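In what follows, chain A forms one complex with chain B and a second complex with chain C.
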Partner chain A sequence: MFTQDVILENVLVCLRDMIPGAETVGPDSDMVDDLGLESVKMMDLLMKLEDDYDLSIPINILMDVRTPRQLAASLIGYLEKRNGPV
Partner chain B sequence: MTVLYLSETSSAHELVQRLADFPSLTDALDYAALGRTGMNFYDRRCQLTAVLEYRELKVRAQGAAKRLLTLGLSKGDRVALIADTKPSFVEFFFACQYAGLVAVPLPVPAGVGQHQSYVEKLRGLLASCSPSAVLGEEEWLPYAREALDATAVKFIGTDDELEALPLGQPTFVAAQPDDVAYLQYTSGSTRFPRGVMVTQRSVMANLRGISLDGIRLRPGDRCISWLPYYHDMGLVGFVLAPMATQISVDYLRTQDFAMRPKQWLNLLSRNRGTVSVAPPFGFDLCVRRCSPADVDSLDLSNWRVAGVGAEPISIATLDRFAEHFALAGFKADAFMPCYGLAENTLAVSFARADTGAQVDRIDRDILETEGRAVSATEKSTAVSAFVNCGRPLPGHELQIVDDSDNVLAERKVGRIVISGPSLMTGYFEDPESIQKLRATQRLDTGDLGYLFDGNLYVTGRKKDLIIIRGRNIWPQDIELIVESEPEIRPGDAIVFITDKDAEPSVVIQVQYRILDEEKRARLSHTLFAKIHSEFGISPTIDLVPPHSIPRTSSGKPARAEARKRFMSLRAAQRESFAAAGLA
Partner chain C sequence: MGLYDKFSRLAAERSSLQSLDPSPFGTRIDVVYSSTRGRIGGTDVILAGTNNYLGLTFDEDAIEAARHALTVEGTGTTGSRMANGSYGSHSALESELATFLNRPSVMVFSTGYVANLGIIGTLAGPREVVLLDADCHASIYDACTLGGAEIIRFHHNDAKDLERRMLRLGDRAKDALIIVEGIYSMLGDVAPLKEIVDVKRRLGGFLLVDEAHSFGVMGANGRGLAEEQDVEDDVDIILGTFSKSLAAIGGFAAGRSSEMEVLRYASRPYIFTASPSPSVVASVRSALKTIAARPQLREKLWSNAQRLYDGLAALGYSMGPRVSPVVPVMVGSKEQGVKFWRALIDQGVYVNLVLPPATPSGVTLVRCSVSAAHTSVQIDQIIEAFAALRPSLKLTA
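On to the complex of A and B.
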């Protein structure tokens, strides 16, 4: 039901809502360095994703995440590990 | 462990309550283990995920203690504990107490994409405390392994892995008052981490003061906390104090609070919490994130002590919270401002119970020019409001001194110097700090404040320290990152704060000789992005000509001087703009 592309699209939509003038947000934008996503906003994004997919996102799966694409990949990996292939 | 049915521990005391009047932490736990109270762990939906009664904690901690001793660890060895808000941390911490080992709580990362910076931080801490074992949850151990020079470590693993080891038959030796119970790393500079040595004597003295004279805990109290276990307020205030007074306590993980601050209030409401403490930013976050409908669903009328500390307290933040949550039954009288620091175990002073936050309104001009705190009148052009942080705990002393160490009269602003039984013996493996404390028996906190009617008013925190949303940031750490840019050499950067109002603003001056506008803009952008990503702050980057950063006679960056020059230049620019009709 969820694919990495669907999650990625959702992440991009959320980011465009949260960041003014964010037409330039792409799958490979650096969320912190390029988009200036501060920690409070990052928490908002994670909360939204937790609610959308009804899951609890452990911070440790996000230790190497810099871009929306990496975030989507980490989430799908986590969901598969938890539920079996989705 | 199979759990068919979980229910949280009761708030009710079966035991006669003893307020931390024990010689050591293990004596305190031995007593708490006679009752049925304990610790409860909740997830982001406020669902109970684990319960740890004090009596079970004792059994599990003793088992882990035996295994650590059987592994060959001996008295005084450090054991690094990655301090996630989980039952295993508490078990490990008390295992160290029974075994005579020195527990060293280490942080967990708080955000996204922090692999490198977290490993870097752990590396500094592990090198500083040179542990014989590292314990933690499975999710964090890979980072510890990466950060560790694995030579001297006898064991690294989880609670399950430790439990698989042989119990053996070691004997416990009762802790002595001067034994170091744990190291508390202050949220200090990554470059120079400092581990405060807290002895059994000092932790018990502070717990006694907190529970008897500060918060004044009573039977039936229930504590609620989301504060991290690796922070002194989280550890001493909400792991050790509830245990040493046999009170039940409920935990949310810090990360869950950061994402959903309302869950803190939910838990307080649902479990009829009576005592909970947070830095001002915690209260602020709740105001910003709770709608009127959220407020409607809460009952905060049982919350009798809402402690506030760990960063400068702005009365406006507290007023907003009290107003926002009045309809949920929150009483402004519950606010209890306090002052403390890890070097004094945790607490130095508490405001009186049931009086709320008392404010002293001061003429800011007189304060800045004469260093005196004089009540503001209608003639005052600017007013500063300082919050009453109360009197020092009984048996503890506090003085305000000037630059020559003369004790100042009331209402004169100076450095806050403390002494008493809760004081650390020094920083770990820092003989200079140990000798100095032994000789003087007192500690210069570096913070500024004044006394009025014996009550402490803090006017400024440690000169160099930058505190933003509860995080302590040291200018040295920012400078290090700036200077790691290939174009910039060591000594070319200086960082200081210009805190006019509530939010401090960080200024980074960088000596840069190239005049090409494009290159300058690119460097500014790169530095901004790096600092923003590392610390979550938005600094002002100011490129200055070579040789323009002021230094002290010993070659250290003169931050106060740099700040003064920067501010006066700014003011001059504003005036010339105004003169030209541009302002």
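On to the complex of A and C.
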């Protein structure tokens, strides 16, 4: 159930909730430069994903993440590294 | 692409605020008259934007001790304790702090920031997990990054959320580091240490409490929040700074067991930086004696805090969650905040402007800090300044 696409879709929904007027956010929007998301907000977003999936995901996975697509990929990468293929 | 290009957004944002004089991000206090009075440009101000909680920056004993140390030990140590050797006064300060805190082991660092890097960054290696309060100070985040540990945040002051996140970790929770602060520097609220300790007793973990803003300020003897909440035996390491109630610069870690001593040989921020200057060590030793000898300083601090909190609340301002030496006042938008802060200086009151993202939950606030050295008259003058500006701020308090 944790496919990259499912996670990506959830990330986009969360972002649209968090940022007023961000309907145009897409998988490759730059969350910092285009959406003006501060690093604290990125960490809050991750906290919400942890709760949605009832999983532990460290903020370390946010390093080098700029876009929703990269976030989904990084998250899946972490889970696979910890638990084997998901 | 130039190296500085990545800062262009930041530069643009800051330059719009920097054109103000004085600027909230480059305030220059041109003259410091005392621990509570100074001059900014041509305006005399009450200093209510410091961390000078006990007002000891001009304490005569501390100044005399520092002066004496300068004369007999010189201006600096010129090296690190590991490579160049400790001075007797470093060790004396460590043992005096250990006695004060009733703990077997204390390590002194060059700043509080470095203490956090040196303890957390060394204990929490790549195989460890750290659970930290989401509102923890930047030095704690940086320390975790330095060590390479996995960082899991829990909701601010929410022990249930900590528990939920520890349960998710399964067996790894037993050796996880849990990090919280005593008093939080922006909202002045305090950690629910009893509840956090309760989670720790059930699920394991190693608890560090950064008492930067609460050391000397809370507890019957000034040992901090852990003393106040009677959970000192459950706190594995207390972290602190000399830059606030102790009125100088430096930091410390106090271990519940002497196991911590091994970090002297492993902690790079302890080893690879110069040790604190003799005059600094001397003034801290003196201030520590004063804290132990004069609990009335703490009483005065808290009665000032209560007076300011009540006065501002009565004006209808939206305030922090509890009476505390840190008194935040919400001031609306960023633009309103900048104007308000500026107008307070014109009224003769210097406080700190704090803008998001440095503030929790995206609010703009002015952060007032109270000192034991403030007179009741000064506290009332601060309240009057806020009263004069109240009509300019349309707030639904």
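In the analysis below, the second predicted complex is superposed on the first by the 86 of 86 C-alpha atoms of A that agree within 3 Å, B and C clash if a C-alpha of one lies under 4 Å from a C-alpha of the other, contacts with A are read in each partner's own complex, and residues count from 1 in each chain.
Convention: a residue touches a chain if its C-beta (ideal position, glycine included) is under 8 Å from a C-beta of that chain, and two chains touch if they have at least 3 such contacts.
On a predicted model such as this, the values are computed, not experimentally measured, just so you know.
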| item | value |
| --- | --- |
| Of chain B and chain C, the chain that contacts the larger number of chain A residues | B |
| Which of chain B and chain C A:N60 touches, first, second, both or neither | both |
| First (chain B), second (chain C), both or neither touched by A:M43 | both |
| Touching partner for A:D34 - first (chain B), second (chain C), both, neither | first |
| Which of chain B and chain C A:E80 touches, first, second, both or neither | neither |
| Overlap of the chain B and chain C footprints on chain A, listed as residue numbers | 33, 38-40, 43-44, 47, 50, 56, 58-60 |
| Residue ranges of chain A touching chain C (in the complex, touch as defined) | 33, 38-41, 43-44, 47, 50, 54-60 |
| Residue numbers on chain A that touch chain B, as the complex places them | 30-34, 36, 38-40, 42-44, 46-47, 50, 56, 58-60, 62-66, 71 |
| Contact set on chain C toward chain A in their complex | 9, 129, 134, 150-153, 155, 165, 168-169, 356-357 |
| Contact set on chain B toward chain A in their complex | 43-44, 108-115, 118, 139-140, 143, 255, 258-260, 469, 529-530, 532-533, 536, 538 |
